[in-house]
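Look for subunit A in each of the two complexes below; its partner is subunit B in the first and subunit C in the second.
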Partner chain A sequence: MGPLLPNDIIPFEWSSIIAIVIGIFFGFILESSGFSSSRKLAGVFYGYDFAVLKVFFTAALVSLIGLLYMDYLGYVDMSSLYVHPTYLWAAIIGGAIMGIGFVAGGFCPGTSLCAVAIGKIDAIVYVIGIMVGVFIFSELYSVFEPIYTGYFYGNITLVDSLGINPYWFVFLFTIAAVIIFVLVDMIRKRVKKVFY
Partner chain B sequence: MINRKLVKFLSFRYVILALLFIILAGGLVLLPKFEKQEGIKPEQLLSNIISPERYITTDELADRIINQDPSLLLIDLRDEETFKKYSLPNAINMPLKNLFDEDSSAFLNQDAYDVVFFSNDNFDADQAWILCNRLDYKNLYVLKGGINRWFKTIINPPHPKENMPLEAFKLYATRKAASMYFGVAYPDQVKTNVPKRPRPTPKKVITVKKKKKAPEGGC
Partner chain C sequence: MKIKKQNKHLYWNPYYGGFLLGILIIFTFYITGRGLGASGAMKSSVVAIVNSAAPEHAESSAYYSKFLDDTKSPMNNWLVFETLGVLIGALISGGISGRIGWRTQHSPKITRRRRLIFAFSGGILFGLGAQIARGCTSGAALSGMAVLSSGGFITMLAIFGTAYLFAYFFRKNWI
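After this line comes the complex of A and B, so read on.
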């Protein structure tokens, strides 16, 4: 049956509208769970709040387990889902830069826009910084291009590159996630309480 | 009024959620394995099987071979022995049981050529067509009637009877011409260089006029 859009169960023209509706809900839930606060987001690096780690880890696992069940039952064909292409070094360098920005600024790109929406000044400055970064990147694109388009590995997933049964992988990943959650909670209890 | 039991239960809420998570993920591992449906959907396959669009007639095929159609790929599904005895020109031998060997998928799974399957009849070819169609291979055709029909129509076309319409005669002429392309010889078309027998030159009869004998004086 699914995915709905590629199989024309929902006409392609609806895709932008659906994206906007999902985006509104995503932003609303981010904001209402406190992710528009840079103190809460930065807490994951200082060890006083691991909400970000737990939320995104859980979200990934819920969707992964749900998709695998739906694939098994024939509601979604996982092979026709979009897999983001891997440009190895571009991803490593970009990830490192984003991590530094995350620690320094206290937002990730999505939550920064969410915080702009409720009028946070630090987030507005952060988004201006993103725009400056985008501008520099575009101007120097010819310099970055070999890294940006090089080291291309195709649309691979961890399951493909490790050659492991996806079900076992998800099971082990879930156990690892639960262990990480417990460890992270232990760290949080040891770190001095920060009120924010 | 605080429901104490509920409070006690909710204090374990993260543990319960974590357990639920592990159980769901473990369920994936324990799911019974089953062969996944490969290729196109059964309904699609059924409607494709019913459709006669896959058939290509011997006349059509002969026409394309004679016009040296570069997009034609003939695949002979009979065994090697019969293939060696006779096959269509430029055909590739790929016995039905070897259809899905590693090196054959390059011929079948492509969309540059029109693949035409044939065997002695069209039954083996139909089977091959269904198997490949299920895998969603493109541009597959079946020679209707196979080699047997090829012989009956192209190689050895039946002579139309006198009371048949003109079309039958035209078709016969086309098929006859096609069969000659494939190397059939007809006695009425055979041009043999019979050495011209030198016309017997009429013997010149030299009639020697007998001189009239002068009357001889008798004695």
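After this line comes the complex of A and C, so read on.
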């Protein structure tokens, strides 16, 4: 029963090799979907290309539905998976800063790595920027510490926060996503095309 | 004959890419119990650089010292290996489609210099935000959403919500 590495079904020595293999697939999928192009990524904010939205929400839904099924069928214990912890204000403020960085720089860290791999100079500069950003955070850690460690709610899920049944949530989320996909296609047809 | 203008590169259908990415996330959780990540490797690099340049400073810092371990290098980390894989995978994909080359991609309406300045400042902001939120679009938002993490959903809404709010001010760079 999964997860395999934490449960010692696969010996931990394999961990780094598995990491590289998973990374290769991750990079291949992102690059093939066009995420090495900042102009394609930024399209989602201006309505001329919604690939980011479609890839992102399709991936979130496929993984969510798949994991719920695997939990239901007993292949993986969902409660033993790592749940990203909720630090309320850190998530909001950090997310907001990332949002400005996204629309200014045109990449997020994963997509910038794909662009670095194919030689985009703007992505190399962007990655150096990220490292400077990490450095600034680390040096000014005492300034950020109250929001970084405060407002901690634990490793909670929406089931805990909203008291919602996960299966109903996924069902409604899927319907919402399909409606959004149709709407964004209608928007794209009305927006002036941008070629890159 | 009328020539239809189209983009220089054609990419996968986004639903196909999203489906495969979803399968990969399921597989990653099934094998490792955790999700994917991207900014983690950059943090490890910064920790490793500071640790070799100024070991005493890194040791005494409240943040770097969290990631220092006497028995192994900060670069000996799952996310660093995964990131090496990302670079290889993207290189293979770009190589197959003939997209490899040194170039700066920017809108014809702006200069190369302007694009690089904005890329650098955007990177700084993203790096800072990803530390505050403990993860970026991959680690916090996407992998968080796969297990219904409340923090993952909040981070996702904050990233996209703010990006849409500020898109107007950066429009000249893109359209």
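Everything below uses one rule, namely that the second predicted complex is superposed on the first by the 196 of 196 C-alpha atoms of A that agree within 3 Å, B and C clash if a C-alpha of one lies under 4 Å from a C-alpha of the other, contacts with A are read in each partner's own complex, and residues count from 1 in each chain.
Note that contacts are C-beta pairs under 8 Å (C-beta built on N, C-alpha and C of every residue); 3 or more make two chains touch, one makes a residue touch a chain.
Owing to the predicted nature of the structure, the values given are computational and were not obtained by experimental measurement.
Aligning the two structures on subunit A places subunit B and subunit C next to each other without any clash. After overlaying the two complexes on the shared chain, residue contacts for A:Leu81 are found with subunit C alone; subunit B is out of touch.
Shared-chain residue A:Leu61: touches subunit B and subunit C both.
Touching more residues of subunit A than its counterpart among subunit B and subunit C is C.
In the overlay built on the shared chain, the residue A:Phe137 is in contact with subunit C alone; subunit B does not reach it.
Applying the stated contact rule after C-alpha superposition, one finds that A:Tyr167 touches subunit B and leaves subunit C untouched.
Of the two partner chains placed by superposition, only subunit B is touched by A:Tyr72; subunit C is not.
After overlaying the two complexes on the shared chain, residue contacts for A:Ile175 are found with subunit B alone; subunit C is out of touch.
Put simply, subunit B and subunit C get as close as 8 Å, counting only Cα atoms, in the superposed view. Residues 58, 61 of subunit A are contacted both by subunit B in one complex and by subunit C in the other. Of all residues in subunit B, only 14, 18, 21-22, 24-26, 28-29, 31 touch subunit A in the complex they form. Of all residues in subunit A, only 58, 61, 65, 68-69, 72, 167-168, 170-171, 173-175, 177-178, 181 touch subunit B in the complex they form. Subunit C makes touch with subunit A in their complex at residues 5-9, 11-12, 14-15, 17-36, 38-39, 42-43, 45-47, 49-50, 61-64, 78-79, 81-94, 97, 99-107, 115-116, 118-167, 170-171, 173-175.
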